[in-house]
Every structure is written in C-alpha cells, then in structure tokens.
Amino acid sequence: METTQEKMIPHKFAIIKEVTAFVKDVITWSLSGGLVYQIYLCILAALMVLGVYAYFVQLKVGMAATNMSDIVSWGFYIANFTFLVGVAAAAVMIILPSYIFKDKDLHKVVIIGECVAIGALVMCLMFVFVDLGAPWNAWHMMPIIGLFNWPTSLLTWDVLVLNGYLVLNLLVPAYILYCHYYHRKPKDKLYLPLVFISIFWAFGIHLVTAFLYQGLPARPFWNNPLMGPRFLASAFAAGPALIIIVLVIIQSTTSFRVEDAVFNKIRRISVIAAIINLIMLFSEVFKEFYLPTHHSQPAIYLYFGLKGHTALVPWIWTAIVMNVIGTLTMAFNPGKNNPKVLVPACILLFLGIWIEKGIGLIVPGLVPSPLGEIVDYAPSWVEVSITLGILALGIFVVSLLLKPALMIEQRYETGQGQ
Amino acid sequence: MDPRKNKICQKPQEKDCQQTKPNGRREFLKGAARVAAFGGAAMLAGCGGGMLGSKEELSLRWKEYFKKHYRLMTPEEKDATVQRLEQLAKIKNNVNIQMSSAPPIEGVLFGYAFNVTRCEGYMECVAACVKENNLDRKSNMQYIRIFEMEHGQMTPEVGNAKFYHQVPVEDHFYMGVQCNHCQNAPCVAACPTKATWQEPDGIVVVDYDWCIGCRYCIAACPYYGRRFNWNDPVVPKDEMTKKQHYLGNRMRGRGQMEKCTFCVQRSRAGRLPACVEACPTGARVFGNLLDPDSEIRFVLKHKKVFRWKEDLATDPKFWYFVD
Amino acid sequence: MKTPIFKNCFWGVLPVLLLIFAAGLVYSAKGGVVQIYKNATAPFDDEKQVDAALSLPIPSVLVTERYQGGRFRTETRKDKMQRFSCSQCHNNKPVRVAQAAEIAHGEIVLNHGSEARPLSCYTCHKKDERDFLVTEEGTKIDMDHSYQMCGQCHFRQKKDWVGGAHGKRISYWTGERVVKNCTGCHDPHSPRFKKRWPVIYSPPLSKSK
C-alpha cells in the first residue's frame, strides 16, 4: 500500500486538490476543540487585542510611551527577543539526537519542538518590529529596494539567520506533515539536507544574536568572549525545559502519549546545559568581582546596586536562586520524572533564565552609560501590554500548529483515515 | 467540533481566525499582512497625524516617503528633496526655511580640540548648540554634556554633569563631551540600513529619513554621541534656525536618530560650529586637519593632546588638551 | 569517507583565512587619522575650495607677528574703549570736571598679579605717554597691539595665541584669520574670569513620569 502510493506521481491538478484538502483539514482541526480550548483561544485573542491597542498608543505618542531613554535605549522588548531566540534555537536539541543519533524516542516529539520553535521565532520577529522607532521605514533594510549593511552590521546577519531559520522550520515540518497526512513516507532526499542545515543554522542564530552584543567594545558588560557560548548553554537549558512543560500539557489535555524515556532524555539535555550555564555564570562573576575595574561597574549595578540604585538586585538574585534550584532538582530528579516535581523545576529554570538573560542582560549592558551615569528602567504599561500581546500571539501560533500536527501524527501512527 | 457551531467565541474567532491558515507559512504571511497594515497605519500616523493634510502636502509626503537614500541620490534628486522639505515646512508649520545640500569641501577633514584648562563650565556651547541645531525642547535634548570634575582624575565617568551652581568651583575643572566623529566609527558599522556614515570631510552624519530607529548605534557608541527622538520634536517657531542643511539641523521626526554634525550647515559654508563660536573662553578649536597651517594642527603639534577611550580604537577626531 | 571531506573543507577554508589575515595586515598598517593628518603637508587653498563668504566685517588690525599660516589679524581695541584717546584729558591743560578721576576710572578694579607682588598702574601705563602702553624699557605699544605688552610676562600664552591654541577665533575657520586680542576676553586690570551661573543646565537623563 505504502510502496504503490510512494511510487505514484500525482497529476498536477491532483496536487492542488491534495494541498487544498490538507490545508482545509488542518484549519478545521486547529480551531476545533472543546470548550476549554475555545476559551483558551479567546483569552489569547483578547491579549492580542490589548497588545494591538497598546501598539497604536506607542505609534501615536512615539517611543516615549515606553520607559526607555537615551541611556537605557533597549529594554523589555529586546530582552524578550534575546531570550526567545534561545528558545527557538533549542529545538535543535531535539532534532540533533533524533536525526544524527537516530534516537527513536525523541523522533516522536521532534514535531512539537519545531512548533515551539516557530512560535518563538514569530515572537522574536514581532518583538524586533515593535521595538523599531520608525517601523514605516522597515523596507529600508531590504536588500534591493533599500540598503542592507551586510556583512558589516550584525543586525543584518540577525535578520538573515532568523528569517532563514523560520523558513527552514516551516518547510520541513510542513512537508513531513503533508506526507503523513496522506500516509506517505516523506522522501529522505528532500528534507534530510534541510534538517542538517537547520541543525547548524540553529547554533548560528543564537551565536549571531550573541555577537550582536558581544561585538560592541563600547559596552564592557557585553564585550566578552563568553557571551556566545553562554547564550547557547542557557538556551539549551531553558528551551528543553519549556518543551518538557509543553509535553506535560499535551499529555494531560490530549490523547497523545509521551513515554517516560522522552522526558528523561530531554531532562538530561536540559540539565547538562544548565550545569554548563552555571559554570559559565561563575566564570563571569569571578572576572567581574575578583579585581573589579571600571568595566565591572555594570555587574556591580546588577548584583549589588550602584550609588543607591538597586532596582535590579532582587531580580538577579531571585533568578540565580531559581536557576540553581531548578538545575539541582532536575539533576537529582527526586521524583523520577514525576511531572509534579519536574514541571515546577522546569518552570523555575525557565523563569530564572528568562530574568537573567532578558532584563538581567540588557539593562546592565547599558547602565552605567558610557559617561558613567546611572538611569533606572522598569517597563511601562505600554511595553508590558505589547509584550503580553506578542506572547499571546506566540502561544496562539504554537497551539494552532500543534493541534493539527499532533492529530496528523496520531492518524499516521494508528493508520486511521487511510 | 465545528467552530461555526460554537456560539460563545464566534465573533472574535471569526475576526481573528478568518484569514488564519494553519500552514505556518500562511500564518506568518497573515501576521506579516497584519504587520503591513499596522505599518501602513503607522506611516500615516507617523506623518504626525496629518492624515487630513492638503492634497499638495500629501503628494509631497508621498514622494518624500519613497525617496532614495541620500548617498544614492543624484544632485538633482538632492535638490528636489530639499525643495520638497522646504515646501513641507511652509505648509505644515508656516516657516520659511532655506535648506542646503552642500557637498563636502575637497581637501578638508574636520578636527576638533577641547582645552580642558580653559573650560569654566559656562555651558554657552550647550545653549548655542540647542538653538543652532533645532534640538527638541520638549525632551531637553542636548548634544553636548559638560562634566564638572575634581582634580585627580581625567575621565568624565567620574565627573558630575548635573551641576547647576556658580562656576567655576574651586579645585574642579570642566570637560565637555559630544560626538567624537570617529574615523573608525562603531555606529557606522552597526547601522543595518547604512543610515549613518562618514562623509569625506570627516563628519559622521545621519540621513534622518532613512533611519528605522532600531537604536543599535546608541548601543555601539562609546561616547554617548547619539540621540534618539522618543517623541515628536518641538521647537518654537521664533527660536528655529532657518538656515538648514539636509544632513544637519533640519527638523527631525520621531523615531529618528540624530547627533552632532559639527554644524554641517555652518562648517561647509566656512563658518565655525555654534559651540566653537559661543565659547566665551576660547576653549574650543576647530579646523581642517589636512591644512598644515590650521590652528587645530598647531594644537596637535605643540600641545599635549589625548583622546578619550583611545583603547577602543575608534580613532576619534576630537582631542582634549591642557595648557 | 572522512578524509576527502576534511580536504575539501581545508581547501575551502584556507583562502578565507588568508583573506582575513591580509585584511588585518592592511588595516593595521593604516595608522588612523593621526597618520592621515601627519601626511597632509600640502597647504589648503581655501579661496579656491571654500565657496563662501570668507571675510567678516570686523574692525581688525594686522598682527605684527606671523603664525604658521602667515599673517593674521586681531580685533581692534581702541574703538571699543569708552574714553580713548586718553590724551583728551591727560595733556598739559588742567582737568576741570569735578570728580573726574572717579567718573573716568572709577570702575577699574586693579587685581593683576599675585598678592605679594601685584601690578600697579605704572607697570603698563606711563605718565608722559597715556595713549600708549609703555614697557619698562620705554617701548611704546599701541593699544590695538596690547598682546605685545601681555606677552612680556605671559609669553607661553602668547605663543599659543599666535598659533591658535589659546584665545578665540572670531572669523570663519577658513579664510582670513581674525582672533580676539587679549583684552577682548581678559579685563587687563582684573584678568581672572569671574564666577557666574551657567546659561543652561543638563536635565535629568531618566524619564520623569
């Protein structure tokens, strides 16, 4: 049955009919669900509407609607962008074992990792967009109709690699799901090269984002060679933690079964990365505080406060404590992968890294200013609303992608609907 | 379950999900379409809420929106855009401005020297700069910052720029900072759209209309040389300097970066920048580095000069010296 | 299978590395802006190249000294003094105005030199030549050229003033060089700058909401 279907080359119009049927079913499945699911989608939609309204306020007033200033010129938006690029890159930690080491267990949840990556990437691109002061000029960055300062500007590299990774992560699962929908085996030649490219590309997107900060000698807090590896380590700790949480949610709300071995493997990946992350954190802290220089002022501002400005101090210490507790819990695994223990640990680790890699990275990089002046920063209601809207958009995208994806996978496994 | 039968969330579902194709590419395109719609609305909103402007104004604005990057324009196109901007200023604000697109002078590389011994903290330079360059009065934008420093340290990072008392204070000296017009400017390397660049006469300029407002250049600048318009700039008409240059003191809009341009509208006409002219103690020296007879070359040859944050290899054209 | 891949990668990567190395060499040999201006020895012909008004209608006199670019000018002083010429009163005729000394010279505060050895009026002015400044040796110095007097003690500042590191240029950066003379900035009788308020202040950098 499979072989004859494989060998059959569909007629041109038949392809259009097939794609239409595929798309129609995917739409239907993505929106259909129980009352809880519909309410959940409505809440997300409401948050998105709030985000859109806040964005119109920002467009009307200008960026002065945010609490950013000439000193803290990047804030909540870019903080979330930085963190979410890591989450997007972390899908590679599922893809790599399942395609290179041919791990059967993780192969089953690759599609979930990729859906999370797509959601995270959409959020990243939206965060960059809402952070622009003149978004109507965004076409100025396009290569032919505008001026694209590649390869000099790291931002252009970032634009290229993020959009490229989005395309890769859309094409490969779309093709696989399309084949599985029609109970065909996907042709290895077509998608495996893209998968291998996307493995290297995933490391690339997060390194490029790290180099964005690392390459600026004006900001000594960022200008150290450990930023790139640190970004990778924290991404590969937080991303799999998020995927574990998503898997637990899927397990409890749908009939999709996830084996214990999968949780164990992802947990191990996350723990190793989290431990490396903590070692790198220790290395950074040592460099800043062993013989502090003027270049250590940002770190002192972050960890201890400078001249009475202590706004970030409770945040960073909370983040480190959460990070350590999460890492230790997941490392010693007292519940033996019991979700009741694993999920809180993952949440702690995820939130700890979110604080430390978000606001705990961006604001100290900019404060004290190059002239040594300290300005406090806390996001305004506009920034928080837009952030919530974009987060809702990301979760919305992930839900709308996951639902039909899981259904197609289940049908493929059980052979139903052939 | 058929969503059409679900009455609870029908309306928001339809509104938000009407164009949603769950195929991720379509989803992204939908997001992009939404974003483009925002962008279109933003463009109209970004035109200062002048949606109801006259037909002439709209046509001028349309042409201005789609113009090329300044460096790629032919001299005729530069003249055209300058004329359009003059007309827009007349229509919108009823001011008669003269805008120039004067090119750099051949054989000129501007240099600047600041005499730390002579500065007394009067801040005449700051006030003159604000007036000359039409800086935003609402956010109190100032390109120049003067630091009051105690003897014993020579870096502004330990100084105090927030002073407001009689000057000079005993046992203190004063040091001014502004854009250093680096020969190896990190802001130029950082800009993703090439909206900022170094002109042949050494001035690092910004094409305000090309800037997308990403603020990467602020992160890259080690001297706090760049400013961002967080709101629409406000300049009272009677205080506005009417002789403007496209790359210099013309009125900027919100969401655009700006910076000190060594008063390009003045220096390309042979005049001194406003700060140099305003300083009552003669602490500022400006001139052509390529002219061996200039005052700036005398300073560099005979005085003990230093540049700030020299270790960052930005190669600034702003020197400090002491008597 | 491993060796050919390694070979291909190596031959692909090596040219890139060489290119980067070469670029690094070229860049480090540039020397920056200091090298650029040190190499710039050709004089700048501003009349040909600057298309602007090059002279300002400032009353000025030609300075007797030359700077590195030739002659330069300084602003006149005599037309700015209230009661020049001094010989209008100081001649062999008696002065018939009541309290003339206070009216004419009352505002002058003499605070020049250290406390131990202050200057007196007679250090620069002589009774028999009131229209000129006169040095100890008896050389007459025109009031417009007071720099010659100041430069006797303040020779370092004078050298800097001639070259351009001291004082203030009041013309354009190109074209005729006209500078302020010493008395244009420093009150010759009380030369130290007084304390005053700054004209403006720097607002707080943080957003005040």
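Every chain is named by a letter (A, B and C) in the order it is written, and numbering of its residues begins at 1.
Just so it is clear, contacts are C-beta pairs under 8 Å (C-beta built on N, C-alpha and C of every residue); 3 or more make two chains touch, one makes a residue touch a chain.
These figures come from a predicted structure and were not determined experimentally.
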Worksheet item: Taking each chain's centre as the mean of its Cα atoms, which chain lies farthest from chain B?
Response: A
Discussion item. Taking the mean of each chain's Cα atoms, which chain ends up nearest the overall Cα mean?
Written reply: B
Practice prompt. Please work out the Cα centroid separation of chain A and chain C, and write it as a whole number of Å.
Written response: 59
Practice prompt. Averaged over CA atoms, how far is the centre of chain A from the centre of chain B? Could you give it in whole Å?
Written response: 34
Discussion item. What's the distance between the Cα centroids of chain B and chain C, rounded to whole Å?
Written reply: 29
Worksheet item: If you look at chain A, which of its residues touch at least two other chains?
Response: 64, 69-71, 369, 373
Fill in: Residues of chain B touching at least two other chains
145, 161
Worksheet item: Considering the complex alone, what residue numbers of chain B touch chain A?
Response: 1-3, 6, 8-9, 12-13, 16-17, 20-28, 31, 35, 38-43, 45-46, 49, 65, 69, 72, 139, 145, 147, 155-159, 161, 177, 186, 189-195, 209-216, 218-224, 226-232, 253-257, 309, 312-313
Worksheet item: In the complex of these two chains, what residues of chain C are touching chain A?
Response: 205-207, 209
Practice prompt. Report the residues of chain A in contact with chain B in the complex, numbered from low to high.
Written response: 23, 26-35, 38-39, 41-42, 45-46, 48, 52, 55-56, 59-64, 66, 68-71, 73-74, 118, 122, 126, 128-129, 131-138, 140-141, 146-149, 152-156, 159, 166, 169-170, 173-174, 212-213, 216-219, 294, 365-366, 368-373, 393, 397, 400-401, 404
Fill in: Residues on chain C engaged by chain B in the complex (per definition of touch)
32-34, 36-37, 40-46, 49-54, 67-70, 156-157, 160, 163-169, 172-175, 177, 180, 185, 193, 195-204
Discussion item. Taking the touch rule as given, give the residues of chain A at its contact with chain C in the complex, in rising order.
Written reply: 64, 67, 69-71, 369, 373, 375-376, 380
